[in-house]
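The structure under discussion is supplied below as structure tokens; questions concerning it will follow.
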Amino acid sequence: MPFDADLLMTQLVVGVARAMMLFLLSAGLSLIFGVMNVLNFAHATFLLLGGYIIYSVYSLIGPGILMFLLAVAAGCVVLAAIGFALERLVISRMYERELPEQLLLTFSFVLIIGDLIRLVWGVEDRSVSFNIEPLEIFGTFVNPYQFVVIGLGLAVALGLWMFLKFTRYGRIVRAAVHSREMVSALGIRIRLIYASVFALGLALAALAAGAFLPTAPMALGVDIDLIVQSFAVVVIGGFGSILGTFVASLIVGIVYAFSVLVWPNGALAVVFLIVVAILIWRPWGLFGSELRT
Amino acid sequence: MKFSRIGPASVFFAFMAIVPLAGSVFWTMIATEVLIMGLFAMSFNLIYGYMGQISFGHAAFFGIGAYATAMIGRTFGNDYGWFFLALAMSVPVAAIFAAIIGFFVIRRTGIYFAILTMAFGELMFFLVFSSYSVTGGDNGIQGLLPPPLLRAPSHYHYLVLCVVALCFVLLWRITQSPFGYTLRAIRDNAKRVRFIGVNVEFCMWVNFVVAGAFAGLAGGLWAPFTRSVAPTLLNWQESGIPVFMALIGGAYTFAGPLFGSLIYTLLHAWVTGVTQYWSLVIGLVMVFIVFLAPTGVVGSVLRQWRTPGISAPAEPKTPTVASPERG
Amino acid sequence: MLKDQNNSFLNAISRRDFILKSATAGAAVMMSRHARAEAAEPYRLGLLLSATGSGANYSEGGIKAVTNAVAEINGRGGLLGKHQIELHFRDTQSKPDSAAREARDVITRDNVRAVIGTWSSAEALAVEEIIDEHKVLHFAANSNSSRLTHENFSPWFFQYSPDTRMESGAIAVVLAEMAKKNNWKSFVSIGQDYEWARAQQAGFLEAFNKLVPDVKLSKEFWFKIGETSFGPYISGIMAMKPDFCFGAIAGKDNVTFIEQARPAGLFKRTVYPGGLLSLSELQQLKDALPRGMIGVARAPFYALLDQPVMQKYLKMYHAAYGADAYPSDWACMHYDAVYGLEQAVTKAGSIENEDVRKALTGATIDTCRGKATFRACNNQLGVPSYVGTVTDSPDYKFPILDPKTMTKVSAEQTWLPSCEEVQALQKKRA
Amino acid sequence: MGTLLSVRDLWRSFGGLAVTQGVSLDLEAGSQEAIIGPNGAGKSTFFNLLTGYHRPTSGSIVFDGVEVSHMPPHRIVRRGMSRAFQVANIFVRMTVFENVRCAVQAHMGRTLDLFGNAESQGTERSREILEMCSLADKAETEASSLAQGDRKKLELALALASDPKLLLLDEPTAGMSLEETHETMKVVDGLNRTLGITVLFTEHDMSVVFNHARRITVLHRGKIVAQGLPDEIRNNEYAQEIYFGEKS
């Protein structure tokens, strides 16, 4: 492999783009776990659901980039509503239950939603194509859509950070990550917070689906491949930490990109080697806090 | 008193012994599957029901056992000697991997234990998957025929029945031993166990290895049963199956996972024959179980007629399992 | 079963209610059997394809085709005019282990005489172990690793698709021409890390090196099935500056790869020949597919319009799914598999497995791809592979591989030249 | 009788905050002493350091002639130092008898006996301990359904199972009724007098402290501020000020 500056540069860019895709997917997962202590196995399945919904809305109102953005917004709203309802009706009954039962419940969502998608949309893959032309920079071609993804990832990261840092709701959510009892003690309606966080997490999954659709078709089984990588990111970054998820996404994305050059078929094994190493060294992740139970 | 604990299991094994007499190859094979998966689920339950930790990478040991048997079988053929050696080797090979992985995972509890086991499981999956020259990569290994006398489904069924029954007795002994009670104590309150003079990490490690070894044996039985192995045996979705079986049957009863395997396997066989939306049905059943029979089917039945104090491990009253020790 | 009942069944059939419909059809068969006690035994046929997992999309064509073909045959009274075909579908979940399990299930529970399937080669390899033991016929119309007909061969196995050696050999023939003409020196390969792609790539290397020994493979990339972001691979390929990039990618991954490679400029830097461009990919990628790209197809209906069987099937397909619907390569091959079974049963005059197997071994049958003969030593159907360049067509709403310039590489040109060589590879089964 | 426990200049800090600051303490074999101090004085941390649950930042702990400051808890227990917790730490999903039997078997070194029968080992001793702690009538009760007072008794029983030379009791009567308190302290006194077990306990209830401890150590902000016989402490102005003063 001829490693020159050009290659390192492009590999860095594609790595970061991959990272931002992972971040969009994992931010909601991390937030939900951080606040509610529920590991949502079905998070990527919700992404899939969001993708199919966006696809359907877009084929109704499309074509055009503006219409696509509208469809993505619609997808986010629908998923948020689903998330809110699901939390109130099902998840909220699980907080006092044992961990395996929670895992099993979200695992059963994977099966149920996967089949519901099949019932409604069938087995055909769905994709949206915008015929993007390559961009030539300094004699190398790059995919301009990568910059869209990177920009979106940064914007979401910044938005979430500002929301958590500067808004009242955000501060309550952060407090809930730290200690559930404290928030209830303050007399804040924790149930509403939980439902809202779940809704936000699912809306983020729909947003990720929107970023995903122009580059890869929505297809059954995609969720199974994605969720494992998403877990890797959340574990490395630390549950509940948006900054951690962001940094971990970068690590996983960039390491993966360079592993592909050196040991292509073992790239995912490398990612899980990192996960294992981190979990042994700091089980609460790079930016998670040790004291959380 | 003792019979009331082993009674249902005796009925179960007696029933398993007469299934082939009905003459249906299909039901014989289903029964074999119930036994193998039941052993897998019981091995998982050593970690969950008795030690209080949830492993989401237990299929790794099942898969490693299956691969150990498959690779020895592929190399040396299927003489009776080699066949039984290959089968037996699934135990130490899985145990060695469990020992290495266990060394790292037992330091963590609760959700971290679950995720660390899952990460190790996925790591093993990707290693098997990408070591194309050794493991055959994605296509796995085929042609794992047992020696002629064991080829007939009913014969293989009786072999499996003997092995699983033996394991059942061994597992029963383990759970009724001082070690078994120490595990229950660790499950209830790991911190306290340290202060009665027990090396908690070491106990957990031993148990992890034992559980891995039994899972490996289940995998070893599985490989010649399906005549082939593939890396999907190791991945995290496969690890969900024993979790489901243990919960459906009742993780806090000794034979619960075995009955869980019976229920799950029959349900699966029935549903896949009726509708292609089998995962929807299974998913709904899972939700149903989680909400309406949280102590599992066997657990719920037992609760109806068993006096407290007799049941080996009792049903949970407080959600203590998930919380890590320090916090 | 009444004839018009069958027609309405055929018309009404759609993807989603396939199972319900076939279940009721099965029930109807059972009932009519009770009604007419003297009716002949039904022919039980297993269908092992994916309804879930990564293979679901590509199994749909097969499911449709088999259902249609069965309905058509049953409409004629069944096999030999009296044996109604009873279809038993099982979801293999795109996983080898599940495939083996479902194969065993459908064989022992429903007593099927034959199975059709599966989607992936790894699944087919697992199933082949089961059918060999139970002496059940296995018609593969999708999965095509050459292991199935060589190393793991079972006499009960019949291959309706060109195997990987033939398919990749065909691409090698076309590419060797181009390499000589353009004075190419090096290339890279990228493939899905699974049986079919591994076999496809190995087959290509062997055949290509024989034809043009001095064009060198400089790097191979393998990725896990279901990869969703190919960025790192694409830039890795471009950095190697190869003259061409051989792709052993099929299905959704090929769609994703092309969707991402195009805006990344890969096709401006190098050519990407060899990917499987079945009707599914052509319809899905549409505009995103670079015109002029070289791809391979297994049964492109648009290039086979002169074949009587294809004409018949196409008419049936339009009747069932509308004038705008066309059968995918997978559908055509699965149709061939059922139609081939009928021809074998007719020839044997019996539905007994041993008779049908003997009748089919070495037989010449009519298929969507013309008359073709099974190779006696490994039950490989002697069908060509179709290598062509992507072009727009006035007749369809999607691009096709140009039939005018298409290279039809015959089976004899690409499979192992002699049966001795085939048999040397086939291991003895215990 | 010689010195059973000798603590020298023990320090421990958590993230820069020194919780234990140079504590030194000697304990005669056979004695029964108390450590008192307001909340946050560092009593629990001190116990945690002694029993190996936390490692000291510096200093030494010599127990029965052996340096134990870097041993893990289970090894210290096996050397004969046992503890009962303030909040009952029992095995809720086992019966009272199984609780104690498990601890007895651990003391017998049977923990790694995978194939033996738990029901036939250490049962005599377990019954003895239950008798001692007046829990014999509740032997078959599931621990989770015990009342608070009985939980504390079981806690004590678990600590006794390892046949300790030194027993550390963290508020042994917390949450108990007056009657239970009396009963429990009678058991403790009995252990000390008849079995010769050295006892070191912390307690909030001053009547318990002054009636049952032969020497009292006052801990404040991680330091020992006073030490002496009950009467001396009662009259020690410094101790009165920081302890009783802050408490009210």
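Which chain is which? They are A, B, C and D, in the order written, and residues in each are numbered from 1.
Going forward, contacts are C-beta pairs under 8 Å (C-beta built on N, C-alpha and C of every residue); 3 or more make two chains touch, one makes a residue touch a chain.
Every value quoted in this text rests on a predicted model; they were computed, and no experiment measured them.
Undergrad: Which chains contact both chain A and chain D?
TA: B
Undergrad: Give the identifier of the chain nearest to the protein's overall CA centre, each chain being represented by its own CA mean.
TA: Ranked by how close its C-alpha centre lies to the overall one, first comes B.
Undergrad: Report the chain whose mean Cα position is at the greatest distance from that of chain D.
TA: Using the mean of the C-alpha atoms as each chain's centre, the farthest one from chain D is C.
Undergrad: Hey, how far is the Cα centre of chain C from the one of chain D, in Å?
TA: Result: the chain centres lie 74 Å from each other.
Undergrad: Any idea how many Å lie between the Cα centroids of chain A and chain B?
TA: That gives a centre separation of 32 Å.
Undergrad: From the mean C-alpha coordinate of chain B to that of chain C, what's the distance rounded to whole Å?
TA: Averaging C-alpha atoms per chain gives centres 37 Å apart.
Undergrad: Between chain B and chain D, what is the gap in Å from one C-alpha centre to the other?
TA: 41
Undergrad: Multi-chain contacts in chain C: which residues touch at least two other chains?
TA: Each of 51-52, 193, 222, 224 in chain C touches at least two other chains.
Undergrad: Out of chain A, which residues touch more than one other chain, so two or more?
TA: If we look for residues of chain A contacting two or more partner chains, we find 114-115, 118-119, 224, 265, 268.
Undergrad: Quick check: what residues of chain D touch more than one other chain, meaning two or more?
TA: Residue numbers touching two or more other chains: none in chain D.
Undergrad: Following the definition at the start, I'd like every touching pair of chains, please.
TA: A-B, A-C, B-C, B-D
Undergrad: Inside the complex, what are the residues of chain B that reach chain C?
TA: 24-26, 29, 33, 78, 126, 129-130, 132, 137-140, 142-145, 148, 151, 153, 226-230, 232-233, 269, 272-279
Undergrad: For the complex, which residues does chain A have touching chain C?
TA: Touch list, chain A to chain C: 1-2, 4, 6-7, 10-11, 14-15, 17-18, 21, 114-115, 118-119, 122-125, 127, 129, 131-136, 140-146, 212, 215-217, 219-222, 224-226, 256-258, 260-261, 264-265, 267-268.
Undergrad: Under the touch definition given earlier, write down the residues of chain C that touch chain B in their complex.
TA: Residue positions touching the partner: 18-19, 23, 51-52, 89-91, 95-98, 100-102, 104-105, 108-110, 121-122, 125-126, 128-130, 133, 145, 147, 152, 193-195, 198, 222, 224-225, 427, 429-430.
Undergrad: Given the complex with chain B, which residues does chain D contribute to the contact?
TA: 51, 53, 72-74, 77-78, 82-83, 85, 89-95, 98-99, 101-103, 105-107, 110-119, 121, 140-142, 144-145, 158-159, 161-162
Undergrad: Chain A touches which residues of chain C in the complex?
TA: 15-16, 51-54, 56-57, 59-60, 94, 193, 219-224, 226-229, 231-236, 238-240, 252, 255-256, 259-260, 262-266, 268-269, 284-288
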